[in-house]
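Letters are used for the chains, namely A, B, C, D and E, taken in the order the chains are written, and counting of residues starts over at 1 for each.
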Amino acid sequence: MEITLTHYLVLAGLVFLTGMVGFVVRRNALVMLMCIELMLCAVNIVFAAFSRLHGDAGGHVFVLMNFAVAASEAAIGLAILVEIYRRRRTVNVDDLKTLME
Amino acid sequence: MQSEILLRWIVLVPLLGAVVNGLLNRRLAKRVSGFIACAAIGVSFGLSVVVFLRLTGMDAEARVVNDILGTWLQIGGFHVDIGFAMDPLSAVMALVVTGVGFLIHIYSLGYMAHDDGFQRYFAYLNLFVFAMMTLVLGENLVMLFVGWEGVGLCSYLLIGFWFNDQANASAGKKAFIVNRIGDFGFLIGLFLIGANLLPHLAPGEGVFSFAILQHHAHLLAPAATGICLLLFLGATGKSAQIPLYIWLPDAMAGPTPVSALIHAATMVTAGVYMIARLNFLFVLSPTAMAVVAAVGAVTAIFAATIALTQNDIKKVLAYSTVSQLGYMMLACGVGAFTVGIFHLMTHAFFKALLFLGSGSVIHAMSNEQDMRVMGGLRSKLPVTYATFMTATLAIAGVFPLAGFFSKDEILWKAWESGNTVLWAIGFLAAGLTAFYMMRLVVLTFFGENRASSEVRSHIHESPATMTGPLVILAVLSVVGGWIGWPHFMGGGAWFENWLAPVFAVGEHGVAAHGAVAHHAADSTMEWTLAVVSVLWAVLGLILGWFVYYRRAAIADSFRKAGGGFVYRVLLNKYYVDEAYDAAFIRPGYRFSRQVLWKSVDAGLIDGLLVNGSALVVYLLGSVLRLFQNGMIRFYAWTFTIGVAVFVLYLSFSS
Amino acid sequence: MNDLAIPDFGREIAALLPFLIVAGGGLLVMVTDALVKTLRKDHLSYLVLLVLLSVIVVQTTSGTPEGPVLNGLLLLGNFSRFFTYLFVVIGVLTTIFATGIFDRDGNYRPEFYPLLLFAILGMMVLAAANDLLTVYLGLETMSLATYVLAGGVRGNAPSSEAGFKYLMLGGFSSAFFLMGVAFVYGACGGTGFDQIAAALHSGSAPMPFLTLGTGLMLVGFGFKVAMVPFHMWTPDVYDGAPAYVTGFMATAIKAAGFAILLRFVLLTEPMLAFAWYPVLTVLAVLTMSLGNIVALVQGNIKRMLAWSSIAHAGYLLLGIVAILAPALGGPEMMARAKGIVEEGGAALLFYLVGYALMNLAAFGIINVMGTEPGVDGDQISRYAGLSRRQPVAAATLAVAMLSLAGIPPMVGFMAKFYIFSVVVKAGLIPLAIIGVINSLISVYYYLRVIVVMYMHDTAEDSYQGTEWVSVAAAGLLAFLIIYLGVMPEAFHRGAEIVFRQISF
Amino acid sequence: MAMITDHILTWVTFVPLLGAVALWLFGRREGPARIFALAVSLVDFVLSLHLWFHFDAARGDDQFVERVAWIGNGQVSYHLGCDGISLVLALLTTFLGPLIILSTWKAITSRVREFLAFFLLLQTAMLGTFLARDMLLFYVFWEAMLIPMYFIIGIWGGQRRIYAAVKFFIFTMVGSVFMLVGILYLFFQSGSMELTSFLNLNLEHNAQLWLFAAFFLAFAIKVPVFPLHTWLPDAHVEAPTAGSVVLAGVLLKMGTYGMLRFAMPLFPQGVAYFAPAVSILAVIGIIYGALVALVQPDIKKLVAYSSVSHLGFVVLGLFSLNSLGVAGGVFQMLAHGLSTGALFLLVGVIYERRHTREISEFGGLAHVMPLYATFFMIATLASIGLPGLAGFVGEFTILLGTFTSEFLPAARVMAILAATGVVLGAFFMLWMVQRVFFGRLANDANKNLPDLSWREVVVLVPLLVFMFVLGVHPGLVLDKVDLSIQKVLAPLEAQLVPHSPAGHAAIPGGGEEGAPAILLVNSDAEDLR
Amino acid sequence: MEGLLFWFCGSLLLLGGVMMVVQRSAVVSALWLVFAFLSAAGIFAVLGGTFLAVMQVLVYAGAIMVLFLFVIMMLQGPVMDGERRLMHPALWPLIAAPPAAVLIMLAGFLRGDRMVGFAGAPAPGFGSVVQVATLLLGRYLLAFELISIILLVALIGALAVGRGERKLPWK
C-alpha cells in the first residue's frame, strides 16, 4: 500500500491526541510539559508531510522554528516550575489552585 | 364707573381683604383685621347693590353685565375666559352672599373676639366670599368650577379651623374629599359638554361660556341626560344631597358663623345655583330632572328624620339644612327653578339666623353644644330667643314669614308637576321640620336649665355685634318672602318676574318637553294647599312643643318604640357613615396597603421582577464561576471540548 | 545564491527601524543592567521610555515605506503603524506603573524592562505580520515574554502560579494554533498571506484542510483574546499577575490578538465567512454573556476586570461578526459590504484604543492600590472610602469604570456606539440587543466599584499609600477617556484610514 | 455679548459645566464654593431668560439653533435647538437650579464642593437633554445625566442610598440601552442622527412598532409609568432633598419630554398601535400611585408615589394625541415640577430638623411652624389640582383632552378613571397634611422646632409664586408651547385614524358636522398665522 | 521501503507517546518521550527531511530532553504521590470525548477516496541543509532574527525566574 499524505496526517493526529489526552489526565506538571512537546512533535510531522507534498522546504523552516520555540517554552516553564517547587514542594498541578474563584 | 369694572371688584375686593389679612396675619391688630375684612365684604355688598340697581334699570331681556378680564386658557381652538357676568340670577345670589356674608362678618367680630386665630379666620372668610362670588359671577362653567373648588377649600380650612382637635381636621378633610367626589362628576360633566360642543364651535369661542352653552344647548341634547346627571353629582356633593350629604353634619366642627355662612346660607346652595344656572340644559333631559327631584325629595325627608333625634344643636340645624336643600333640589327637579332660588334666598336668611342664634347660645353656654344640658335660656338670652323663634316659625312655614312663601310654592309646584308622591314627601318633611325645630327650641330655651352651675353662672346675652345681625336677619326672615308674594294671594310675584328672563328657556322647556303633566292650575287648589300646609306646620310645632315641653314621657316612648331600634338607627344617622367606612374606606385602605403596596409593588414588581431577575443573573454567575476551579487540567479539558466542537462543526459544515 | 540577496537593503532597514529600535533597546537595557552596576536601577525605566519615545519619533518623522518588506514577511503601513503607536503607548504607561511600584515596594525586577520591550516587539511583528511564520513568531515572542512578566515576581506565589498556568495553557493552545498553521500551509502551499489569499481566490485549496487549519488557528487567537471557551486562564492569570502586567496583558495582548484576528478574518473572509459567521456569532454572544455574568459575582477587582475583559472581547467579536455578515447576505447586502467592512474595522480599532485607555487607567490605579505581594490586596472592599483619601485616584478609577460600562460621555460609550452601529447596519439587530443587554448587566459590577469608593466609609484595612506619578498618568488617561468620548471623530476617521489599507 | 447671544443655547447648557470645573479651584473652602455655585446657577438662569424673551412663539419651530458637525462627516452633529416645549422645560431647569443650591446650604455639610460640582453637571446634562436636536447628542446627555444623579443619591442619601442609587441607575439603563439600539437602527436607515432626518423616514409598520416599544420603554422608565415605577420611591426617599427636588422637578420630565419629542412623532403607527395600552398603563399609574401613596408611612415616599400618579396624568395627556391633552401634559410637567419640587423641599426642611419623615412622628406641627404649615398647604393644594393653582390647569386640560380624544379607543372611560385620581389625590395628600400638621402637638420632640428661616422662605417663595401665576395665567406658558405642540403633532395627525367616540359620530374629514378636534386645531393654527 | 519505514517509525512513535502518557514515573515518561522523538526523527527522514531528522535528534532528544531530565532529577523522586491514584472511572468518558470527536473526523480522512498521494519522489536536495539554510537566511531572515530574540527572552526569563529575590540595591 502506498504511503500517502493521509497516513502521515493520521499518524500526526494520533500523536497529537495522545499528547492532548496526556495533558488533560496527567497531574505531574513536568509530564504535562512533555505532552506539549509531544503535540508540537505531531505538528512538526504535519509540516514535514506537507513540505513533502508541496516540495517546498518552507515547512522545514517552520519546524526548525518550532524546535527553538519549544525549547524556549520548556526552559521558561521549567524555570517557573522550579520556582514553584521551591515554595510549595510540589509539581502536582492539582495543588496549584490558589488562584480560583 | 362702568358696571363692567365694578363687577370684577365685587369679586376682587374680598380677595384683597383675604390677602392682606393672610399675609400680615398676627402683625395686624384684631380690630384692624376685623375692620378690613368687614369693610371688604361691605364694599363688595355695596357694589353688588349698585350693579343690581343698574340691572333693574335695564330692559328685562338685556339684564346682563359682562366683565371679561382676559383669556385664561387658549389651546388650539379651545378657549376659556376669565370673566364675570351678572344677570338677574347671579344678582340675587350676589346680594344674598355678600349681604348675609357681611352680617356674618360683623357677627364674627364678636364671636371670634377671643380667638387666637382671629386674623386667619377673617382671611379665610374673605377668601370664601371671593371664591363664592367667583362661583356666582363666573362667566363660564370653568369659572364656576374654580369658585366651586375654591369654596370647598375655604370650607375645608374653616371646618378645620380649630385644628388642635384631630376630629375637626378630619371633618374638614371629609368635607373636601366628599366634595371632590362630587367635583369628579362635575368635571366629567364638563368634559362631556366639551366633547359634544367643541367640534361645532368656531375657534376661540369659549366652549364653557354660559352664553355659548345656552346658544348651543340643542347640540347637547343627545348627551343631556349624561351631562346633567354628572353635573348633578357635583351638586349632590356641594349641596349635601344623598348620597354625598355625609360631610355637612360633620362640617359643624367649624366655628358657628362659618356654619351659618358656608354650611347653611351660601356655599351649600351652590349646587342649586348651578342647576338653576344651567336650567336650559337640565330641561333637555326629563330623566335628569326626575332624578334631581327624586333625590331632592328623598334627601328632604331622610335628613328630617335624622334631625328628629340629634342632640347636638348644630347637628339638628345641619340636618335641617340638608333637608331644606332637598327642597330646593325638588323645586329645580320639577322645573320650578325660580322657586328653588327663592327658597334658597329665604333659607339663607332664616338658616343663617338659626345658626347664628345657636352660636349665640353656644357662646353663652361656654361652647356647650349638647341640647340635653341646655334649657331655660329664654329668659337669659331674650334677643337670641326672640330671633331664634322667628326663624323657627319661618322655617316651619308659618304665614307670613319668609319660609312660608318659598316652601309653600315648592310644594305647590311639586303638586302642579303631577307627581303626588313628591308632593307627599315634601309635605311630610315640612311637618317633621316644624316638629324637630320646635323640639330644638323647647330643649334649648324652655324648661329648666340642665347645665352645671359653673356654666350657668356664665350665661349672658351676646354683645351687640352678635345680636345686631340676629335682629337684621330676623327682620329679613319675616319680610324676605314678601318679594315673592304669589299671584293667587294677590301679590305681584316680583321675584318670579325678576328671574323670568333667566329661566325663560328652562321653564318654557319643561312645558315644551312635556316632562311634567300639569295639574289644572287653579287658584282654589293653590289656596287649599297653602292653608293645609300652614296648618300642618302649626300642627308640627304644637306637637313638638307638647311632646318635649309638656309630656317628656312621650318623647321617651318614642325612643323606645320598636325596641329602640328606630331611635338608634336615626340617632346614628342610618349608619351611613359606618356603611361607607366599611364598604369603601377600610377595604380600600387594606387593599392599597396589603395588595397594591406590599404585594404588587414590593412583592411582585420589585421583589419578583426586579430583584428576582437580578438574583437570577447573580445566581447564574455564582454557578458559572464554579467552573473556574483553578485547575489547569480542567481548563485544558474545556479547551479541548471547545476545540472538538469547533472542529466537528467545521468538518460538517464544509 | 540569489536567494540570499536582499533587495534594496536600505529601504528595508528604514522600514524596520521601529522594530530595530525596540529590539536594540531591549538588548541595550539588558546590557546596561548587567554591566553598569553604579547606575541607579530605576534609571533603566528612563532608558526604556527613551527607547519607546524614539520609536514614536522615528515612526512619525521618517516616511517609512509602505507595503510588504523582507520578502513579504511583514506588511508595513498605516495598520502596523497604528498598532505600533498603541503598543508603545501602552508600554510607556506600563513602564511608568511598574517603575512606581518597584520604587515604592522595593521589589525590583530588572528583567522586566527588556522583556517588556521584547513583548512589544512581538506585538509589533504580529500586527505587521504578513506570513504565518511571522504571526507565529510574533505571537510566541509576545507570549514568552509575557509568561515571564506575569510569573516572574519572585517570592510571590500567585505570580508564579499565574505565570505557570498561562504558560501551560498558552503552550497547549499554541500547539493547536500551530497545527492549524500546518494545515493552512498544507492547503495553500505556503504560509505567506499573499499565497494564502491567492490559493483561496483560485479555489485550489482543499476545503477540509482549510477549514480545519483556519479553525484551529482561530482557537489560538481565541485563546489570546480570551474568547469563550478558551478563556479560562484569564481570571486566574489576571488575578495572579502583578497589576501593571495585568494591565499590559489586558490591553496590549488583546489589541495584538484582535489585530491579527482582524487581518486573519479579512484574509479568509471571502471563502470562509460561511463557516466563521455562525461560530463567531455564537462565541461572541457566549463570550460577552459569560464574561458579564460571572464578573457580576466577583469580589476581587482584578478578577472582575478579567471577566470584564472577556466580556469586552465579546463586544469586539461582535464587530468581527458584523464584518463577516455582508459576505453572507444577498446582493443587496453585498452592495453595502465595503462600507460595513470599513466601518466595522474602524470601529474595532477605535474600540481597542478606547478599551486600552480605560483598562490602563483602571489597572494603573489598581496597581497603586495593591499591597504587598502575597496579600489578597485586590478585594474591592479595600477601596472603601477611597474618594476621601485619594480623590484623584478614585475619580480616575470611577471614570474608567463608567467608561467600561459604556456610559457617555466616556470613550467606552463611543466605542460601543461605533461597534453597535455597525452591527445594526449589518442587519444583526438581535445581536445588538444581546450586546446592549450585556452592557446593562455590566453596569452593575462596574458601579459597585464606584459605590465602594464613594459611598462606603473607609474600612480598617483600606490601603493608605499612594504613588503619585502613576496616579497622575492614570489621571491623564481619564482625561483622554473623556476627551475621546466627546471628540471621537478625528480619531475614528484616523482609524478608518488605517483600516482601509488592510481591507482588501 | 454677541458671542453669548449667538450661541446662547451652548452657553445656557454649558455654563453649569464650566462652573463645575471651576469649583475645583476652591479647594477646601466651602463657603465661597457655595456662593460661586449659586452665582453660576443664577447666571445660567439669567441666560435662559434671554431665551424666554427672545423666543418667537408665533413660529413654534426650533430657534436659536446651533449646528456643528460632530461625528462622521456631519452624520452626527452637535445640534441644539429650542422650541416652545424645550423652552419651558429648560427654563424650569434653570429656575430650579439656584433654588436647589440654596436649599442645600444647611442640608449638605459633607463633601460640599463635590456635591455642587455634581449638581452643576446634572444641570448641564438635563439642559442638554431638553435642547439636543441630534439623537446621539440627546442620548449622550440623557445617559450622562445618570452619573451625577447616581452620585448625588449614593453619597448624600439616606440609609439605603446605595441600593436606591444603583437601582435608579440600572433601571434607567434598562430602557435606554434598547433605545440605543433603536437609535442605531434609525441612524442606519436615515444615514444621519438628525431628528429631522428621522422624521422624514418612511418606516414600515412593524419597524415602527418595535422602535416605538424601545423608545417608549426608555422614557416610560424615566417617567415612570406603571409598572416600571419601583425605582422612584426608593430613589426619592433615599436621595437628599436637593436630589429629590431635581428628580421630581426635572428628571422625570425627561421621560415625558422624550415621549413627546421622539417616541410619538417618529413612530405614528407605533403610537396608534400602543396608545390604548399606554393610556391604560397611565390610568393604572394614576390610580395605583394614589392608592399606594395613601398607605405610606413616610412623607417623602408618599410624595414620591404621588409623582407616579401625577406623571400618569402627563402620559395620559400626551397620548390623548390632541393638542389639548398634549398641552395639558406639557403644562402639568411644569406644574408638577413646581408643586412636587416644593413639597420635597418642604419635606427636606422638616427632615433637617427632626431627621425623620415618619408621619406618625408628627402631628400638630401647624402650632409651632405656622409659616411652614401654610407653605406646605399651598404646595399640597397645588399638587392636588386646586383651581387657581398650577396643578388644576394641567389636570383639567389633560382630562378634557383625553375625554375628547378622537384617537384613543374608550377615551372617555380613560378620562373618567383618571379623574378618580383627582379625588384620591386629594384624599391622600390631605390626610397626610392632617396627620402631620393638625391635631395636638403630641410629640415632645416637635415642641421647639423653629419655623422656616429666611433662606428657606427665599427658596420656597418663588415656587409658590409661580404656582399662583401659572394657575391664574397659564397662557404665559401655553402661548409659548401651543404652536410647537402643533408642530410636534403634525406627523401624527397625518397618519392617525380617529376612532369614533361614543355618542358623537366623528367622520374623518367629514366636514363641519363630524370634524375631528385635531382638524379643528389645524384650521385654527392657520388662522393664527 | 518508505512504507516499511513509515509503519515502523510511526508505530514506535505512537508507542512512545502512549507510554509516556501512561507511565506514572516522570523519569520513565521522559525516557519514553526521547524514544518517541527518535522515532519522529525517523519519520522526518522518511519524508525527506534529513536535516530535520538530524536536528530532531540533536536538539530535541538531545538538548531539550536532557533539560527535562535534569529538572526531574532536581525536583523529586521517580513517582509523584498525586499520580498514584487513577482518575475516577466516571471521568474517563469525559476525558475521552474530545479526542473521540476528533478521531471521528480523522476517520473521514481514512476513507480511500480522500487519500492524497505524494506526487512522486521529492526533488533532489529537498530538505537538505543547503536548501533549508538558504531559506532560513534568505527568505525567512526575519524569522531567524526573531527566533534569536525568542531564545533571548527565554534566557532572560529563565534567569530572572530562577534568581532569588532581590531588593532595590540602593535602598
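Note that in this section a contact is a pair of C-beta atoms (placed from the backbone, for glycine too) under 8 Å apart; a residue touches a chain by one contact, two chains touch by 3 or more.
Note that this is a predicted model, so its numbers are computed, not measured.
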Kindly list the shared contact partners of chain C and chain D, in label order.
B
If you tally the C-beta contacts for B-E and for A-E, which one comes out higher?
A-E
Quick one: chain A and chain D, Cα centre-to-centre, how many Å?
66
Could you tell me the distance, in whole angstrom, between the mean C-alpha positions of chain A and chain B?
97
Rounded Å distance between chain B and chain D, as computed from the means of their C-alpha atoms:
36
Could you give the separation in Å between the centres of chain C and chain E, each centre being the mean of its C-alpha atoms?
30
Residues in chain B with touches to at least two other chains are numbered 625, 628, 630, 632, 636-637, 640-641, 643, 647, 651
Residues touching two or more other chains, restricted to chain A: which are they?
5, 19-20, 23-27, 32-33, 49, 53, 58, 61, 65, 69, 72-73, 76, 80-81, 83, 93-94, 96, 98-101
Which residues of chain D are in contact with two or more other chains?
none
Chain A partner contacts - residues on chain E that touch it in the complex
2-3, 6, 10, 13-14, 17-18, 20-21, 26, 29-30, 33, 36-37, 40, 43-44, 46-49, 51-52, 55-56, 59-60, 63-64, 67-68, 71-72, 74-76, 80-83, 87, 95-96, 98-99, 102-103, 106, 109-110, 114-119, 122-123, 126-127, 131-132, 135-136, 139-140, 143, 147, 150-151, 153-155, 157-159, 161-162
For the complex, give me every residue of chain A touching chain B.
20, 23-27, 32, 93-94, 96-101
Quick check on the complex: what are the chain E residues that touch chain C?
105, 108-109, 116, 134-135, 137-143, 145-147, 149-150, 152-154, 156-157, 159-161, 163-171
Interface with chain B, chain E side, in the complex: residues 94-95, 97-99, 101-102, 104-105, 108
Interface residues, chain B side, partner chain A - complex:
625-626, 628-633, 636-637, 640
